[in-house]
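The same subunit A turns up in both complexes below, where it pairs with subunit B and then with subunit C.
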Partner chain A sequence: MVGLSLGEKHFIQGGIAQDLRSDGRKRLTYRPIYVETGVIPQANGSARVRMGGTNVIATVKAELGRPSQLQPDKGKVSIHIDCSSTAEPVFEGRGHEELSTELSVSLQRSLLGGKSGSGAGIDLSSLVVVEGKICWDLYIDGLVVCSDGNLLDALGAAIKAALSNTGIPRVQVASSASGDEDQPEVDISDEEFLQFDTSGVPVIVTLTKVGKHYIADATAEEESQMSSAVSISVNRKGHICGLTKRGGAGLDPSIILDMISVAKHVSEKLMNKLDSEIAAAEASEDES
Partner chain B sequence: MAGKAGATPTTYTPSPKTQRKKPPIFKNDDVDWVRPDGRGFHQCRPAFFRTGAVNAAAGSAYAEFGNTKVIVSVFGPRESKKAMMYSDIGRLNCNVSYTTFATPIRGQGSDNKEFSSMLHKALEGAIMLETFPKTTVDVFALVLESGGSDLPVVISCASVALADAGIMMYDLVASVSVSCLGKNIVIDPVLEEESYQDGSLMITCMPSRYEVTQLTITGEWSTPKINEGMQLCLDACSKLANIMRSCLKEAASASDE
Partner chain C sequence: MEFVSPEGLRLDGRRPTEMRQIRAELGAVAKADGSAVFEMGNTKVVAAVYGPREVQNRSQQLSDQALVRCEYSMANFSTGDRMRKPKGDRRSTEISLVIRQTMEACIMTHLMPRSQIDIFVQVLQADGGTRSACINAATLALADAGIPMHDLVTSCSAGYLNSTPLLDLNYVEDSARGPDVTVGILPKLDKVTLLQRISCRLCMTDTTGEYKGIRISTRWINYNEG
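Up next, the complex of A and B:
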C-alpha cells in the first residue's frame, strides 16, 4: 500500500526515536480532529470525523424489532464497518473484507462490553420499548472515505459523535386491549425525539509501536513501519473497556501495562477535545 | 480422537460427564458460588494433547480441555497461488470452523468469523516465516465440541500441530483466557460461565521468550484487575506450554523406537 524508500523509512524511524515526527508532532500528540454532525439526513444520527488525511463517516439507524429471547430486557446493537474502494484501490472487491471485519470486531469489543452486557458503552436496556416484545435495533455503520492511518480511533470518535447526534423517536404503546396478541401496536412520534446518553461511550486510543517507542495517531506511512499496535478503549471513569492487539510481533507484558497507563492519560485529553468538538458541531448544526 | 474409541485408555484424561443441571445464577457479590464443574476459580481444566490425529496432514494435533475438543491440521509449506504476489517470507493461511453439532444450538458456532484472523495474528509472530519464502502454510482448525474457551484451545492446539509438522517456530504459543464474573476472575471458563461473563481477557504468549503475541480484552476492567488477569494467564500459559512440550517429546520418542 505504502511504498517507501529506505531513506524515508530511516527518516520516519529516526524522527520517532527523537520525539519529532515528520509532520512536526510529538510521539503522543494527535492530529487536529474535525467533527461534523448530522451529515446524513436519512439516518437517525450521523457524524463525519477528519483527522489529517483520515476521513470517516458513521451513521446510526434505529429500527423497531424484537428483543432476543435470551435477553428480553435489552435492545440490540450491531456495528458494521465498510471500507470504500474510493479510499484505497486495494479495498476493491473482496480486498477490504479482512480490514472491515477486523475494525468491526474491535469496535464491537470496545462498545458492547461483555456477554452479560456490563461495561457496555451503550446502555442496551434503554433501548427496550416493551419488555420481551419490542425494542430498538441500532444499526451503526461506519464508512472509511479516505484512509491515512489510525482508522480505528477515527471510527470510534465518529461513532461517539454520531450517537450523541442520534435522536430516537418517542414511541407510544397503544393500550393493549387485546393483551393476548403477540405484538402490541405502537405509534412512532415524528416530532418528539429522545436524546441518547453517550457519557459512557469510550474513546479508542491506538498506540503503534515503531522501533523501541510507541506513538499515538499514526499516519499510514508510520503504520507501515510498525511492529505491533495496541488499541485500547477507555471510558470517562478511566476504566479499560476493550483492548485489541494488531501486528504479529510479540510484546513484553510490562510494555503492555505501560501502554495501558499511557493510553489512559492520552484518552483524557482526547475525550475532552472530542466532547468540545462534538458540542461545537452540534451548535453549528442548530444554527444553520 | 483415535484414542477415544480405541483400546488405549492409558494416558487419557477423562472428561467430566455432561451435567444436565440448570445453570447457576451468579450474583455480583456472591463469592461462594461453585463453578459448574467444581473447579477452583484459578484452576484450569485438565489439558490433553495428542499429535498425529490426521494422517494426510503434514502435522496435526488433537486437544481436549474438559468438554472443548478441537482438531487442527497443518498442510504445507506448499507453493503459493500464482495470483499472489512474490513474497520473500512465507504466508500463513488460517481457518477456524465449527462442526454443526459443536454448539448446544445447531450451527451456532459459525458466528465466530473473527476466530480465523485471531488465530493468524496469534501465530504469525511465533513462526519463522522467512524459512519458507514463496510458499504457504495452511492451518485448519475444526472445533468438534465447543465447551468454552474455544479460541485459546484452538491456538494452543495449532501451535502443537505446527511443531508436529516441523514448521520452525521461535517458541510454542500457549493461550489462556480468563472471565470476569462480578468481582471474581475465573480462569479457563466453560461455556456456561462465558455466557454470563461481564468481561473476558485472552492472552496468547510465547512463555520461554516471555512475549505476548496477542491480547484481547472485552468488558470493563480496572488497571489492577487487568494486572491480576494478565499474571494469572501468563502463569497458566507457561504451565500449559510444559504440557504441550511433553506431548511433543512423547510423540518424538515414540517415533524413534
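Up next, the complex of A and C:
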C-alpha cells in the first residue's frame, strides 16, 4: 500500500486542516472527471471513468432470464466488481477479494434499493418482457484498472454512464397460444434498441474524515490517513438512496447529519458535471 | 465452414497474411512503474509493470538475478458470453507462465540481483490472439518502466485453415480448431523466444510459410512502434 513518512503524513493532515490539500484542491473539490462511453463493444453498454489516477471500467450485459417467483413483475440486476492486479500488486491472486466484495456490496446497497426492488435507481419493472415468464437480467461488471483513491465514487459514476450508454434490444413475443408451463417464444431484434431512463440513478459521494475535517474525493495517500469514511448516494431529487460507513473510528451522530447535508450539496455539482461529461462522451462516440 | 472466400479474402475482409489494425498506448495505469494498452483489432489488453523492487517473499529471492513474476487475468466482460471464472484457472496459469518465460528471456535480469519485477496483464476484450497481444503489451510496459532489455519481443499468431496459412487469427478463426502457432521474436537479435504449436496435421512447408508471414509482421510491428 502507500508508504508515507511521518513528515508526509503531517503535511497531508496539516493541508486538510488549512483547506488546501497537497494537490491544490479545497476540502470538498473533486478531481476532474473524464468519461468515455462504448469502450467495450461486446457489452450492451460500457463506460470508462477517470478521476486523477483512478481509472475504472463498468459494463452492462443483458441476458434474457426468468423473473423470481416472489417478484414476477420485476427484472433482475446484479453488480459485481473486480479489482485488477494491474491496479495494485497486492490484488494478485486472491488478494483482491476482500476489497472487491466490499465495493460490490456497497454499490448494490447504493444503487439497487431494498430487497423488494423498491427505490432502485433503475426501474426494474421496465425490464420485464412477459410477466412471470421472461425478463431481462442485467449484469453490471466493474473493473478497477488503476486505483488512486475514491474507487466507490468512480465506480458509481462509471455504472451511471454505462447504464445511460446501454441499449436493450426490443423483444417481440410470438403470440402463439402456448400452455402455461411453456416459455413463450421471443424474437430479439438486432436493430431496435431501447434506452433506459437513468435520471433516477444516484451518484455516490464519499466523505473521508482525516483529523477533525472531512474531505471529498480522497486520493490513496489521503485515504491512508483516514479515520472513517461515509459514502452517501444521492439521486437527482436530493433523496438519500444509500449510506455506508467504512473505517474503524466512531463518528458523532451530529457529524453524520452534517456530512449528509454537505454530500447533498456536493452531489448536485457532481451530478451536473457527470451528466455533461456523459452527454459529451455520447456525442463524440456518435461522431466516430 | 469457409474461412477464405474464392477471392482470397477472410471473414473480416483481410487478406491471408494481413494483420488486424494495431494500436498501442503507453502510461495507461498512472500508479504503475510502467504500463501499456495494446489492441489488435478487437482484442484489447492492459499490462502494468511494478518494479524492480524489493522481493516480497524472501524465500524466492535470487542472489544473482531479478525475480520475474507474471499474472494474467481476464475481465468478466472480455468474452462474448459473460463468464464468472475465478482467477488462476489452468488456462490463465499456463498463459502467465508463457508470458513470464518469454519476458524473462529478454530482460537483463543479471543487472538487478535480489529484486523483483511484477508483470500484470489484464484482458479487457478477447477476440483471438490474446496470448500474443499480452506479450506485446508486456514488452511495451517493461520498456515504459525503463527496465533494461536485450530486445523488444514481438509476438503474433498464425493458423492454417482451408489450405491457406492465415496470419493473426480472430476469435471465429481461432475456434475453428485448425492448427495454430504463436511465435515470439526478438527482431534485432533475430531469435525466436516463444514457439507454441497447438494441434497437429501440419507439414513442414506450411510452417515455414507461416513463419515467414510472422517475421514480416513482427518487423512491421517494430517499425510502427519505433
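Keep in mind that, in the parts below, the second predicted complex is superposed on the first by the 285 of 288 C-alpha atoms of A that agree within 3 Å, B and C clash if a C-alpha of one lies under 4 Å from a C-alpha of the other, contacts with A are read in each partner's own complex, and residues count from 1 in each chain.
One rule holds for everything that comes next: a contact is a pair of C-beta atoms (placed from the backbone, for glycine too) under 8 Å apart; a residue touches a chain by one contact, two chains touch by 3 or more.
This structure is a prediction, so every number in the text was calculated from the model and none was measured.
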TODO: Kindly say whether there is room for both subunit B and subunit C on subunit A in the superposition, answering fit or clash.
DONE: fit
- [ ] Report for A:257: first if it touches subunit B alone, second if subunit C alone, otherwise both or neither.
- [x] first
- [ ] Classify the contacts of A:84 with the two partner chains as first (subunit B alone), second (subunit C alone), both, or neither.
- [x] second
TODO: Using the touch definition from the top, say if A:239 reaches subunit B (first), subunit C (second), both or neither.
DONE: first
- [ ] Kindly classify A:198 by the partners it touches after superposition: subunit B alone (first), subunit C alone (second), both, or neither?
- [x] neither
Task: Touched partner set for A:267, first subunit B, second subunit C, both or neither - done: neither
Open item on the list: On the combined arrangement from the superposition, state the nearest Cα-Cα distance between subunit B and subunit C in Å.
Closed with: 10
Open item on the list: Quick check on my understanding: which residues of subunit A belong to both its subunit B contact set and its subunit C contact set?
Closed with: none
- [ ] Give every residue of subunit A touching subunit B within the complex, in rising order.
- [x] 98, 101-102, 105, 109, 113-116, 118-119, 228, 230, 235, 239-253, 256-257, 260-261, 264
TODO: Would you mind writing out the residues of subunit C in touch with subunit A in their complex?
DONE: 28-32, 35, 42, 46-48, 50, 56, 71, 73, 75-80, 82, 84, 87-88, 118, 120-122, 124-125
Open item on the list: So in the complex, the part of subunit B that touches subunit A is made up of which residues?
Closed with: 113-114, 117, 121, 124-126, 180, 194-200, 205-206, 209-223, 226-227, 230, 234
Task: subunit C-touching residues of subunit A, taken from the complex the two chains share - done: 39-43, 46, 52-53, 55, 57, 59, 61, 63, 80, 82, 84-89, 92-94, 139, 141, 143, 145-148, 220
